[in-house]
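Chain lettering (A, B, C and D) follows the sequence in which the chains are written, and residue indices restart at 1 in each chain.
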Amino acid sequence: MTETVQLEKTFEPKIVGFLCKWCSYAGADLAGTSRMKYPPNLNVIRVNCSGRIDPSLLLKALASGADGVLIAGCHPGDCHYTNGNIKTLRRFRLLQRMLDQFGIERERVRLEWISASEGERFARVVRSMTEEIRSLGPLNWKTTMEVAA
Amino acid sequence: MQSYLYFPGCTLRTVAKDYDTSAKACARALGFELKEMQGWLCCGAVLSNVEDNLMTKAGPNRILARAEQEGDRLVTLCAGCYNVLKRTDLHAKLASPTQQSINTFNEDSYNGGVTVVHFLEVIRDQVGFDVIERAVKVPLKGLRVGAYYGCLLLRPSGEMKFDDPNRPSILENLLKRLGCTPIDYPARTDCCGSYLSVGSPENSQPMSGAIVKSAHSCGAKLLAVGCPLCKYNLESSQLPGAKNAPAEEFLPVVYFTQLLGLALGLRPEELELDTQQMQAIHEAQTRTLEGREWH
Amino acid sequence: MKRVGVFVCHCGLNIARTVNVKEIIEKTSKRSDIVFAADHKYLCSEPGQALIKDSIRQHKLDAIVVAACSPAMHEATFKTIAQLSGLNRYNCEIANIREQSSWVHDDPDKATAKAQITVSQTIEKVKLNEPLQPITVPVTRKVLVIGGGIAGIRAALDVANAGYQVYLVEKSGSIGGRMAQLSETFPTLDCAICILGPLMVEVYRHPNIKLFRLSKIEEVRGYIGNFKVKVRQEPEYVDVAKCNACGECAKVCPSEIPNEFDFGLTWRKAIYTPFAQAVPPAYVLDAKNCLGLLPQACGECKKACDQLGTACINLDAWQQTHELEVGAIIVATGYELYDATKLTEYGYGTYPDVMTSIEFERMLSASGPTLGEIKRPSDGRVPREIVFIQCAGQREPETALPYCSKICCMYTARHAMMFHEKVPDGQTYVFYMDIRAGGKGYEEFVKRCQEERGLLYLRGRVAKVYEENGKLVVKGVDTISGKKVQINADLVVLAVGMIPSAGSKELASTLKASLDANGFFSEAHPKLRPLESPTAGIYLAGAGQSPKDIPETVAQASGAASKALDLLSSPTLEREPTVAQVLESCSGCGICIPGCPYDALSLNANTKLAEVSEALCEGCGTCVATCPSSSLSLRNLTDQQMLAMIEAIVA
Amino acid sequence: MKPKIAFNWASSCGGCEIAIFELGAKIIDLTNKVDIVFWPAVMDYKYSDLEAMPEKSIDVSFFNGAIQNSENEHLAQVLRAKSKLLVAFGSCAYLGGIPSLANTSDRDHIFANSYKETSTTENPEKTFPQTNVHIDEGELTLPEFYNTVKTLDQVADVDYYVPGCPPVGEQVSKVISQFVGGELPPKGAVLGASEKSLCHECKRVRTDRKISKIVRSYQTTSDPKKCLLEQGIICMGPATRGGCGSICLDANMPCRGCYGPLPKSIDQGAKMLSALSSIFDADSEEDIQRLVDSVPDPLGTFYRFGLAHSLMRRTKQ
């Protein structure tokens, strides 16, 4: 208990969010226009479709200092580009298996379906993700890589 | 023998002893026991009108915290306790800031490990009405019973999720299995007046009186309840001197557990049914059976 | 290196209240790669835009970042300003520090810090943007209208009258929709079908409108200006062209079922006409209730029809699929009513004399089940005491609908008035929460009903309704007198709410158009773009978008039509040039090809390397992520730009 | 005066040395053209001799093998100092190669495994390598074994890269002649390889770019004419530089990716993962998961030769 309190004071997770412009970014905007509050730990990169997210970019974020990554797209069946989100899903599931091998906790990297009307859901996702990562502590991949001796 | 953790509550220790006894007897007859939880205390139903809603939850949280040590399901009989405990549990599972302060206030904090259920739910979901029907030794043929729900079992429906708040059926379904003839009457979900009977009976008595009238006019010969306070109000509203007491003959009020017990072939004394009540029950049965009744 | 300028908007206090704009300007101007940074109270205002324009000229900027509201809001505005100031519009980028920062965070320091990152990541992106020219593509100058209610009818007529081809798709056997079921309309008490009928006929006769009844949208491909639509039409057992609606077929039909048009208050045959004024004026064979088509069980209708020589019935008809090409789509799918049986406190479904307002509406209608007479369904007696319950299952977030359907106050007043006309000695009670009579002549109308007709309006809700010796006991409260009221009524009418019509969800995902939390089609912007779906080329009309009355519906329908016409007015359309491009390292492995939903990728016959058709590419970038050799790139969202932005965030 | 050349091997199998002998007779006229001043695999040199050489006195050093211990790193730095040009020769020096799969583990586990757990090991005294040990004759030292294997350019400034495990013969001679009086591309270039993926030179036919099952090459007899991916065998070819002449595929073996990522690629393994999963013939969660689970050891498959060079470089200890 006290320990987590300690963490909350010291550690603010850095989360990179890739949001598809049609559903999830619009959902985030709705959260904004509805003045819903959520922690400021996530910074958003707006892409046309979650299908644009190359796993390399996600690894890049983690390797260069992010504590977590969120990919958010339209619900299956609602993709503005028919099925870009399904390709994202395929990649993500395989990536998850590989991230397990790298020893990265699943809570750090999430794929969420958030529609344009789900502002509340977006806020909720950011809240829970921030909390979960905060309790996991920093990822610090740079130091992980530097452990030579 | 299968046993369920059981929270009696204050009333079932005093005026509603018969509710407690009959329920335990039924349980035994049905092959399970109600194991009383350690160190239970007042559920705080009386506090539910208090302004400071934090305090109303501190007590019940303590109960749930203690229950948690003994099991994951807590059975209640009194509709009041059921309402308070179930809603307290729901609130706890929300893990809200209020809940945190309650947990810090209480010496032992509750972690939401308990499901609060009513005895009715146990016999419906755990035992099963079919089993009950097969276990019936003395079908209560011709007994025209008006099931009375009141508020606390059903409302707020969003939280209680016990039955349809406007058209409940669980009691009727049980009574049917016992051989009774459940009577549908409009007032069965109306409020009996609750604690008003303590401070201002002149306000509560007409309320419960109306319920009795409604049951009467629909042909009920007996009222079955699941709440000591309801029972008290329904009875006292019929006593001479009660404000506009119903003109009709006295309508006995019993606990559904007592009818269940009778049907299961238990003796009246095991169910704390007094001779007066038994008389009324027999009377009601025979009248309808001999067709002396209209309907 | 690019000369980049940054402009930060206060948005009045919307941004400035939580985000420290000055601090952002300070930090940003310190950057070696920033030539100029300035803030303004309202960048979107004329002086704000002037500031941007002048600064671009004065400081010879060749790229700008505008830190303001969501790009969904003003991206176009600022890109245009950039263009007018001599910049390529693709050298302007928006940093969203309002929806994504000032509005969602309380702590000014944290909000500012986050906004700062958003700004720098956008700077990193714009530095690597390349100037682009829009791609022009041809527009298919035809419109698809989905739904044949008053909204669809109005929209279809407007587009058709402007001289463009319209396809009108209706799922039932006739157009007309809900309005055709109404008796009168408020506040003028026009006979609904009398004003709707002529429009229905006009649609049917219009040379530019092709009507598909019994049809559904199966598939929609393509994009604004160039949609490819598949429409599935149920078997047309009755030849619309030949049928003269003589009704002989129905006479001999042995199968009788409740008539949905009258909500089961009357009966119809398995071959029937939806209602007297149905358009197209032809009978419909309802295969579900026909004694049997495969194998044929009865065939009486066909015999009768053939004997008359009309011979318009073909019992072996098959369903057909029509492939349409359109430039714009207007969604006018309308509404249904909330299932009143869910409102157990009112006993609908248990007591026959508790009915919904639309059922009552049918009863009022001269062509309705009782030919306009008001009778109790239970015993056919004329009710003396009638209770109307407004907001039935509405404005109840916990148990039923959270929203207000907007029209109930009005039609209930009308119903009460009509009842009073027909049963002058009757007594009317109306339970209401509050009267919402916003609209031309609406308030006056309600007042008139209340005062002249002596209707009893009780402000409060009904707790329960139950039957007691042949009467419906309505228990409620009058919050004005503060008294509990009990009314022994003969008839109870529930004003249940409007919900989106069945199939809206499937249609939405076929169209890739989003729905709101209540299942209505959501608009691109609640204030500024109420006629458009967020998906380009799809326009909204009527109660499918939100509950509304007839005048509003018609207005929105004409609005949606003019939006579509605006699109069709030019033979070509400019498309975003931010499409995929193939890099020289492509080896022609072909892995990207099957993934493209638009068939924009192919292997060149000679080089055997991948190539992108810019006219087809929608710029989703899925192929870029797929390409194993990093030989595909998305214009102005390249991997290099993504990396730069990531670095900016985690730095 | 003849240009001076050095060869060195660090953490490697020695295959790269053999690759040089693939020059065959050409080695003779190579020695006529250049002075080989350092080549431990072939002749006995002392590090002291090397350390004694003046700065930048060697024209080109070909360095093969990954950096897995302090000796590797020391040599890398010395050679860097002594040479005008330092070339990462072969997949290990360039990408980390097979040795860098050790980055999925760490020193303690590797030692435990090699000196204790393997069934063929007999080590009752539980002796483990020590960096220095006292014996009567004095002190014995061993290089320090690293937790994390690195590429050459992670410890020293590298001028050029030559991929391959090992680099194929004709590419080697091409590269060497490039250095001996040939034209040299800008610093940092990858030599002796194609700028396009292996698919470009692969002779197999591609029909349907879909994957409905995944098998390992020993589990099936694959059609030598059809693309292996389409037969469910994971081939790294699409995400790997060509230039090797697709020799593995001609031997009906899938590409393992030893020639490394393409010019614009951010991460070879992630790229292959993305391409592979993108063409999975599955849309439902269940079908997708089924295919995903059938991929054997993703990390080891996609980073067989490139873990040290990848974005993540290693797993979390």
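The definition used in the following text is that a residue touches a chain if its C-beta (ideal position, glycine included) is under 8 Å from a C-beta of that chain, and two chains touch if they have at least 3 such contacts.
In this text the structure is predicted, and so the values were computed from the model without any measurement.
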Chain whose mean Cα position lies farthest from chain D: B
Top-ranked pair of chains - ranking by C-beta pairs in contact: A-C
Chain occupying the most central position, where position means C-alpha average: A
Intercentroid distance (Cα basis), chain D paired with chain C, Å: 58
Centre-to-centre distance between chain C and chain B (centres being mean Cα positions), rounded to whole Å: 49
Interchain centroid distance [CA atoms averaged], chain B/chain D, Å: 77
Residue numbers of chain A (touch at least two other chains): 54-57, 60, 83, 87, 91
Per-residue overlap in chain C, given as positions that touch at least 2 other chains: 595, 622, 625-626, 639, 643
Contacts with 2+ other chains: residues of chain D: 265-266, 271, 274, 276, 278
Those chain pairs that satisfy the touch definition: A-C, A-D, B-C, C-D
Footprint of chain D on chain A - complex, ascending: 54-60, 62-63, 83, 86-87, 89-91, 93-95, 97-98, 101-104, 141, 144-149
Residue ranges of chain A in contact with chain C within the complex: 14, 16, 22-23, 25-26, 28-29, 31-33, 35-40, 43-49, 51-57, 60-61, 64-66, 77-84, 87, 91, 115-118, 123
Interface residues, chain C side, partner chain D - complex: 583-591, 593-595, 622, 625-631, 633, 639, 643
Contact footprint of chain A on chain D as seen in their complex: 104, 106, 144, 146-148, 150, 265-267, 269-271, 273-274, 276-278, 280, 282-283, 285, 288-289, 291-293, 295, 297-299, 302, 310-317
Residue ranges of chain C touching chain B (in the complex, touch as defined): 344-345, 350, 398-399, 464, 466, 468, 473
